[in-house]
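In the part that follows, the structures are each spelled out as structure tokens.
Here chain A shows up in two complexes: once beside chain B, once beside chain C.
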Partner chain A sequence: MYHKTSTYWARGIMTALFLYLVTPIVVTLIYSFSTSWVKTILPSGFTLKWYSQLITNADFTSSLLRSLGLGLLTTVIAQICFLPVVFYANVYDARVKSHLRFVTVLPFTIPGIILVTGLIQLYADLPIPKLLILVLAISLLSLPLTYQALDNAFIGQDFRAMFEQALVLGDSPLKAFIKVILPNIRAGILIAMLLTFTSAFGEYVLTNILLGGNFETLKIYMYRLMQSNGQASSVLTTIYFIFLALVSLILIVIMRHYAKHDQSSQKGTHN
Partner chain B sequence: MQADFLQIQHLDITLSGNEVIKDMSFKVRRNTLTTFLGPSGSGKTTVLRAIAGLNQHVNGKILLDNQEIQDQAANQRNIGMVFQSYALFPNMTIFDNVAYGLRVQKQAPTEIREAVAAMLKTVGLTDKRDAYPDQLSGGQKQRVAIARAMVLKPKLLLLDEPLSALDAKIRVSLREQIREYQQKLGITMLFVTHDQGEAMAISDDIIVMNEGCVQQQGSPMAIYAQPDNVFMAEFIGNHNLLTGQQLQRLGITTAGNHPLAVAEHYVIRPELISQIQVPHSVALAGKITSLTMLGDRVRYQFLTDSGMVLKVEELNFMRPLSTNVPLTLFVNPLLIHQVGTTYAE
Partner chain C sequence: MTTRLKVFFPLSLLVVLVLLLPISVMIVASFQGGDAGFSLDNYRQVFTNHYYSEAIRNSLGIALITSVFSLLIAIVGAWSLTHLSPSTKNMFISLFNMSASFAGVPLAFSLIILFGNAGIWQALTTALHLPRFFEIYSLSGTTLAYTFFEVPLGILFLFPVFEELNPEWREISAVLGASPFFFFKKVILPIIFPNIIEVLILLFANAMGTYETTFALTGNSIVTIPTLIGTLIDGGLTANIPLACTFATLFALVMTALVWLGNRVTRSKREVAA
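Up next is the complex of A and B:
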């Protein structure tokens, strides 16, 4: 009897939590398709008008392009800077890893506002474009995600032996890295890139404080839209949500694919 | 057979501030299989990596076929290496793994196909050419690693504990195959192991190392029968290590053809003490105190009447042996070997 009651309670709490989390998403989705939804239980009608209006809006297109550019640039810089470091730490000198772990935690401990103030004070008098400062700062903030995803990619294989084997077979270090290391850590690189891209794509605090209205990204545009047009804002939120859901789906697919691959590798190593 | 195909002269290697190899010199003959044998941490792999060009801080000379190579990069030395972890490239098929070095050398595709096919046939993996490394067993992976190194016809092939990750049965079969490839293809091989049986079974020459120094180099028989020092006597095989004074208590007055030196150490291998009397042998009266049956052999502790405990190992002659029953054993003083007073420096 007691067991049955506690099960009902558990299910009730789970359902309430689920509704609490999902209802705003569903309502936002419905709202984005509604002609009007004021003081009624259901919308008065459905339309695609808000979607077509948003997509044809020049502000939306330019903010989307800015966010995409910021995301891509940050991703490329983060990979170029951190991949060689993680490779070195894993292949040549494992002692570096303990220092790296400490450094990668720093972005969590420094609040965005302090970082921006520091950056502005340091670089204000130098002829460095603020956009470059922003890109580098976001790249640095993505370090915990990038480092962890890349570092995980080096687990499970003897990359040092593989790299040295390629050298002994006559290859140059750069070609050995491209032909032997990169293809075998591609899942980690892809995951690191997706995580960096998503965090940079949705970055708000640094961009808003550092560049503000001069560089309106999708997130800043979304907040501006919320003040003026509810439906258009819900359309943007829906699109943004679908985009994040797609990225998550890709991450899950990659991780499942390589988890299966690892299992079959382990089976294959038995004598 | 060139006696000094590979020459290591006064090699010093420092890793993280520690001098792990100290003034090491040795030579390896062409077309032989030489084994580096030593306990863990003795510096075997470090020397192998220095020869391959994978260590950065090396002093001394490394001459391969009369050419100094110590300053050449790893990809310039024409030396093959097989790693303990196989180091196969998981993203490539077995064919592509074996063809890797040939492609780096920019050989013609038809030549690559022929060379790889011939090498896969040699190691018995023709049917696995399109498989990926994760589809192979440990033994097959190791054969691919060996094929990948041998296909380039390297001047020297280095094998770093290539069998340590395999189970006992496959180890024995694969070590015989490695010996067969070496003799068939006439490759000079330097093989690292910590397994004495493995070293004895496949080597032309054994170099025993300890704490960054060469303790002794010689044929398996010489290493076993004539250890140069106490470390060698203790490290290789089972042994009874006795001083001249202790031998005198057993009634033995000579070792080899020489009179005993009281302070010196001598080694008697347990299998050289026997119930069978041979000419010039000395009788040892006593009794068995503990007995281990090994199937084809018996191993026991023998307490002599003079109070010495000796290890004995004999073939199993199917005769009943009992503990604490008077028994006479025999040892030939000609087979007792002097090993000096201390460990070698």
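Up next is the complex of A and C:
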């Protein structure tokens, strides 16, 4: 009997949590389709005009492109910085990992607002493009996500043996890495890239304070709209949420796809 | 040796350029007085100025209440999550991940639609002739806003720990004649307690460092340490970057100490257990 009542409670609690987290999002979604919804319990009517208005706006397109560019650059830099190190730590020297642990708590000890203070103090008057500093700084702050996703990719296989066999067979280290290691950690790399991209795409604090109004990304545009045009802002918020949902969906698909792969090779150990 | 260098070069360069150098310069600048000599004047101001102490009080208050409250919900939530079927479990984990990424401007905007001056909550309370007992732009409103990302974050941190608890342990201890309370106190609590403390510290630190949600929700009307730093950096006439550096230095110092302490708690317990 114990198990039944606790399952019952668990379902109730999760339903309550679901409603609590989803309500603001659903309300924003309905708001974005409403003709007007001010000081009334229900909107006065439904329309698509706010969507067509926002999407045809040049500011929207350019801010979207800036955020996409920022996301892509950051993703590439984060991979360049971390892929070799995580590979080395997992294959040759596990002690490196304990040194890397500082990275995982970085967003808590040095959050964006603290880091940006140091960046402004150091780079405000130096003739280095602020955009370059911004991309590097976002890469640094996204490292915990990159690190954990990549580190998970190395669980479960003997990469050292694989790598050294390739070396013995005459491949250069780089070639061996590309031919033997990369195909086996594809899923982890994809997940790491998606997570990094998402965090950079939605970055606000660093971009806003470091570049001010000179570089309007999607989030900064969203904030500007929020001050002036509630309907347009609700559309943008909805689009942003759909983007997050899509990323989650892709993540689930990747994990399912590769989990199936794993199961077929080691049947019986799962379930 | 050269391959080792090649492997670590990009990461080291990144860490030096946008972490070590800026943070060192920030710490040095925090000791700069008006005449660019060494001075503790900024530190004195932080602790004596009333406006600044209000920021510190607000930050500590909001962070303490949200982190404790969110932790309690997260414990119940993580426990419930372990009771669901694997596919529902995954759906919820995705939801929590999304909610955590939704923090900031989008969250603030959603809450304004819901609870703001022209919002639905307002219409509802007016229609039902209820008193207006809740204001989203206030301290309590900000505290509520933080829970929307602190709770999912807490669940995501705690869930793996709860998953590791083996349901068979309960049966074993029951067979051996232990009461459920004894089982909870002697078996479950020693395992999860250090993790709970660590998660509490992380949630607290996360709330302390929150800038985007507070700024988007309240502008500069609610002053916290992060929004104060923001104003000190680009506040036009009132800009005072060395003072911003002082706040940031103190913040980094205190949070690093706290997080390090939290890490110690879990690790020493683990070593005892092993």
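Going forward, the second predicted complex is superposed on the first by the 242 of 271 C-alpha atoms of A that agree within 3 Å, B and C clash if a C-alpha of one lies under 4 Å from a C-alpha of the other, contacts with A are read in each partner's own complex, and residues count from 1 in each chain.
One rule holds for everything that comes next: a contact is a pair of C-beta atoms (placed from the backbone, for glycine too) under 8 Å apart; a residue touches a chain by one contact, two chains touch by 3 or more.
Keep in mind it's a predicted model, so treat the numbers as computed, not measured.
K.L.:
Which holds for A:Asp158: it touches chain B only (first), chain C only (second), both, or neither?
P.N.:
The first partner, chain B, only.
K.L.:
Quick check on the superposed pair: does A:Asn214 touch chain B, chain C, both, or neither? Answer first, second, both or neither.
P.N.:
In the superposition, A:Asn214 touches no partner, neither chain B nor chain C.
K.L.:
Quick one: classify A:Thr237 as touching chain B (first), chain C (second), both or neither.
P.N.:
A:Thr237 contacts chain C only, not chain B.
K.L.:
Touch check for A:Gly170: first (chain B), second (chain C), both, or neither?
P.N.:
In the superposition, A:Gly170 contacts chain B only.
K.L.:
Quick one: is A:Ser98 in contact with chain B, with chain C, with both, or with neither? Answer first, second, both or neither.
P.N.:
neither
K.L.:
Looking at the overlay, does A:Arg11 come into contact with chain B only (first), chain C only (second), both, or neither?
P.N.:
A:Arg11: touches chain C, not chain B.
K.L.:
One more residue to check, A:Ser228. First (chain B), second (chain C), both or neither?
P.N.:
neither
K.L.:
Let me test your reading of the model: by the given contact rule, A:Thr56 touches which partner, first (chain B), second (chain C), both or neither?
P.N.:
Once the two structures are laid over each other on A, A:Thr56 reaches no partner at all.
K.L.:
Between chain B and chain C, which one contacts more residues of chain A in the superposed model?
P.N.:
If we count touched residues of chain A for both partners, the winner is C.
K.L.:
Shared contact residues on chain A, chain B side and chain C side combined as an intersection?
P.N.:
Touching chain B and chain C on chain A: no residues.
K.L.:
Spell out the residues on chain A that touch chain C in their complex, using ranges where they run on.
P.N.:
Residues 6-7, 9-11, 13-14, 17-18, 21-25, 27-28, 31, 37-41, 77, 80-82, 84-85, 87-88, 105-124, 133, 136-137, 139-140, 173, 198-199, 202, 204-205, 209, 212, 219, 222-223, 226, 230, 233-234, 237, 240-241, 244-245, 248, 251-252 of chain A touch chain C in their complex.
K.L.:
So in the complex, the part of chain C that touches chain A is made up of which residues?
P.N.:
Within the complex, chain C touches chain A at residues 3-4, 6-8, 10-11, 14-15, 17-19, 21-23, 25-26, 29, 73, 76-77, 79-84, 88, 90, 92, 94-99, 101-102, 104-114, 118, 120, 122-124, 126-127, 148, 151-152, 202, 205-206, 209-212, 216, 226, 229-230, 233-234, 241, 244-245, 247-248, 251-252, 255-256, 259, 263.
K.L.:
What part of chain A is in contact with chain B in the complex they form?
P.N.:
Touching chain B: residues 157-158, 161-162, 164-172, 175, 179-180, 183-184, 261, 264-265, 268-271 of chain A.
K.L.:
Touching chain A in the complex: which residues of chain B?
P.N.:
Going by the criterion above, the answer is residues 52-54, 73-75, 77, 79-81, 83-91, 100-101, 104-105, 133-139, 141, 148-149, 152, 166-167, 170.
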